[in-house]
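Below: one structure, written as structure tokens.
A, B, C, D, E and F label the chains in the order they appear, each numbered from 1.
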């Protein structure tokens, strides 16, 4: 009950600011919150990253082990992205097997990595048709203050950038850095009527969970789109979101490169 | 609530007709509804059949793949029958793992096929003790207007009659028709006091779900029996059901042969 | 409701007797109920025991089959202890996968066996790194009249004492008795204020489920401890429980040897 | 298990029984303390325990029936009850057995006397030979009497198999595995007479004449088991009298 | 399936279609008796059935919304619907498809008219080719009309793919597997016009210009499908009139 | 991991610690925004996060206790927290750890103040070394204070192991794997003094004298950890003061 009233008040506040052309935290409509990246936190993982996007926090760990390739790509490594929205991260998350929200989150992050061909899977073959590197990207939510999806996508690519292939541990050669070709960035916008806010905070999300995510690759190409939420999207608004997302994605990629070059 | 009243009215109607010696749809007590069989609907399956029994509709698809034999029958193929009573088919079906009703349905259909030795499993050995054909018979209910069991049994044997063993796809020889020895027919009767109705419709089932299923093989031999429902069955009534079921089974077998010879 | 009142009355009775320095069934504070052991009941199992501890009854069956060793102990057999608190044994047990109580019970029994090195696992290697004996110890509760844990521990070691390794059935040599090095005994005490009762009956447990279990090996060494229940344990009380448990454990071990030497 | 050349030699079965002979049966009433009624039963190598709880309040509430008691039946096999260790939990076979056994008992329990409540019948198979479902029904039936649940009569269960072309009563493992048909029955017995069929299944290949013969043989066997159930209950009843 | 050398030869696709051509579509309204509304639909080799139940009472009660109907959507594949047998039950892919499809329908159903109730949309894929999610949405849309559920307009769904650098409408399996991008759409069509986007996904690699082109192509295809949906509904309506 | 020849050389452990020395500990209070109380804690290579939610309304309702709050504790390991990737979801080990940890906290939380509500303690192990359960209890204890939940005192947890015949405080991985015994404790500390034992487990082989020695060593370690917990809480408290 109290939650509902609070949420109602927040919603009104967000909307009234919006009428004045402002966001409640003073950001520009197409501006991300501050991004802080810390790689290498989990020494037992092949790669890891703790990402703060505003107050939203996610840890991603990357583990690798030799395993069987898919029959139709016998000479390529395999990436498996998994997300756990553990109840520690939000009062609305429940323990138990992944629900539709965590499945969607994992699959959209997965598509960004897969379709941008971020990881050079052809260099992850150990023995064609028999043994390739299986890469587990495990997304572990810590604090959901809005837009867990983009934070997860950033943490995932940063953990991959941080990752070393543990070849020596499995007796198949020397360790080498995981070969990365691209840094896909997912950009989520909250749709409010005919306006949109990039990287919505939880308070902003009180207006409704109508979002669209555009994942962008290094040449400004779009590698994944996901409209999420029960709403109807205007075509011209979509085109506007598309333009702004590409620009915002570029900035985040620079930020990732800046912060990750220091550590990895 | 409305459902309950409606069901009560139907029940009274069925019983009053019965007192006049009639069924509500004018059928004889030992008469099946019209059977319509369409095989080959699912090109991606090795065999398939869509069966309408009155308004009850079931699709069965047969898939095959090489796999390990059971240790005690190293030179024989394996049949696995599975049923999904998906919620699309009835307002009373729930999503989720098979409940006791779908398990019972699958197992009774399975027994009819297995015990009549309908499929010649000895011709489905690829390499003794190592590799045999595994046959999946998947029953997919579409519309439950009563007696899903007999409809499923008909659809299963028709899908098997339609099936080709995909040997060439798996590089173990040339495709061949699945060898069929018998056409078992399951005949379900609804027990109402000292009377019984063969192939009960859903409206008739409103009287109570007290049934007995007799599966009959080609020489009028019985290959499976299943009493289902919480009631006490009179011995002499059982003998009467037995006689009539054998006769009814024969007719349905002729119908299957007539309709399937056209298509397969 | 009635259950609750009954339980309240029992609790008062236990406490009032306790004030008089007595237990409701006349036992001494550190005295076990009568133990009755019957081994070999399950001929199809490699070893088995039905144990009655007062009215508490448990059956344990031991099954063995060749399987893969753990990578870090390539020349040793594997023991897996599993417990099912089936609803037949108590009105408070629910069907379904093991809950926290049955998991805890199985794990505490497991630790007693494992840490006392009761089974000589080094004699259970068939082919180093490839094939060793896997021992399944399945605890099946029949009647929970209090202290199912100690009854299960007794039944488990008795079933192991009764067990023969079925080498000939798997074509890996001749059958031999399972080599047993120690007879660990678990001793559970109910904590009531500054007092404690060894081997509490169900009526005594109505006071609250605050227990501590001390498992003792053949040289009076402690091999496992488990404090269970939401209470704070006084250090000096713990030391007292420790002393008495070691003595009580010794007696039960003698009882096991006395009764098992007859049968196995 | 390898198929023996013949299952019947000189009119005798592998374990020396005649075709119409039961395996030895042992019944112990009131075997458990916690349950409201219970029974331990051996039938050949089958070792089963049955417990009855109730009538008790049914919860969660949505399973309650305002007009009668809900009956539940859980057939469960211990992991060590069969040759190869069975993973704990229900499989498709035990789901089906539970269903048909539940329906048999629903037909004989006077459910209308206990609206909104549940009567739970739990059977545990500690060792399974052929016919464990029939052994369980026989044990559950005695446990129901022990629990004082009002019933229309006693349920007694036995199977008939066809082996080497001959009908045999109460088949053991080899006959079940290598026979031509297996047909389990449960009958309602009231006033010392078989009144009707509460459970009926069959798989194999039988003519209708053979089925009628099997029914006769099953009825003969059921009457013998019924006497043993009766004696065990009576014995328990007398013991209780003495203790009073 | 092996990658063909080229997916477009002389401006024609592997199955002879032009880039902007749909696969053959067949629609049968009111295909099921039990459901309140239903539809069978073929789109190329896709064979799907949709059923609508409701508005009906939502239970368990805690899922009820006092202000509007709850919409559920269950996309399910039959085990035999794909090349290699699929284990029954939902996988991650079908969970995601169900979610985005549900959200598309929530946006067009007049939920406020039916507080505390639930509207269930069930779609079963009997055979899957590329585009089964779009086929299901098209079928579900017709089933909703058949069920008489008040909606703001018709949902019509189609995908566009990029293959060999060319945008193609309604891709088939080979184009989906070996193309450079796949982009499924669903549009709300009202008064014969496309009003807005109800479902939008994409994976692959496309420039923003290509995305805009894809949108145009999808809209063209959607209008064609919409006509077929309309005809099928009209035909069914006339049949009913005749029967009265 | 291979067993080192000796775990203690010249009175020093493999990582250079003395037998009665703790691993380095780092505590950060109020680490999360959403939770009502939270704590990040490092203890050697253990990295854990604890969050407390509540008291909040307990639902589903049937879990409510009209006389006191229900306490839940969920110990969960991230898939990447251990050498070999762990499948997500609870295993038997984490079920047991959650149970005994919950019981320890139940004994110190003033549950009677919050009837019908639930207090949730969630701990996530991001990286596990030996002693992750003790690290989690220490973090959860701080998070409880941060959440303002009334408690009887602070819970402080540490293990003692027996390696090469010597008792050592706060064992690391190698000592846990190859030692002769492991004994985790949690103590209630009130007014700067250890009052009683809230959690106690042991596995291995120890004489009763060794057990008493282990208790002493654990108490020494717990007092040191308690000081660090206290400082971290104080520091956070002062920061908040400043911000006001």
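Heads up, the rule we're going with is that contacts are C-beta pairs under 8 Å (C-beta built on N, C-alpha and C of every residue); 3 or more make two chains touch, one makes a residue touch a chain.
These numbers come from a predicted model, not from an experiment.
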Chains contacting each of subunit D and subunit E, listed by label: B
Topological distance between subunit B and subunit C, in contact steps: 2
Listed pair (C-F, A-F or A-E) duplicating the B-E contact set, over half by residue number: A-F
Longest centre-to-centre distance from subunit E, chain (CA-based): C
Most distant chain from subunit D by Cα centroid: A
Distance between the centres, which are taken as Cα means, of subunit F and subunit B, whole angstrom: 58
Chain centre separation in whole Å, for subunit D relative to subunit C (CA means): 31
Between subunit B and subunit A, distance of the C-alpha-averaged centres to the nearest whole Å: 49
Cα-centroid distance, subunit B relative to subunit D, in whole angstrom: 28
Pairwise touch network: line, ring, star, complete, or other: ring
Successive chains along the ring, subunit A then subunit F then the rest: A, F, C, D, B, E
Residues of subunit A that touch subunit F when the two form their complex: 41-45, 48, 55, 57, 59, 61-63, 65, 82, 84, 86-91, 95, 97, 136, 138, 140, 142-145
Residues of subunit C that touch subunit F when the two form their complex: 72, 98, 100, 103-104, 106-107, 111, 114-116, 212, 217, 220-235, 238-239, 242-243, 246
List of subunit D residues in touch with subunit B within their complex: 1, 92-93, 95-96, 98-100, 102-104, 106-108, 181, 183, 188, 195-208, 211-212, 215
Parts of subunit F lying in touch with subunit A, wherever the complex brings them together: 32-35, 45, 47, 49-51, 53, 56, 74, 76, 78-85, 88-89, 120, 122-124, 126-128
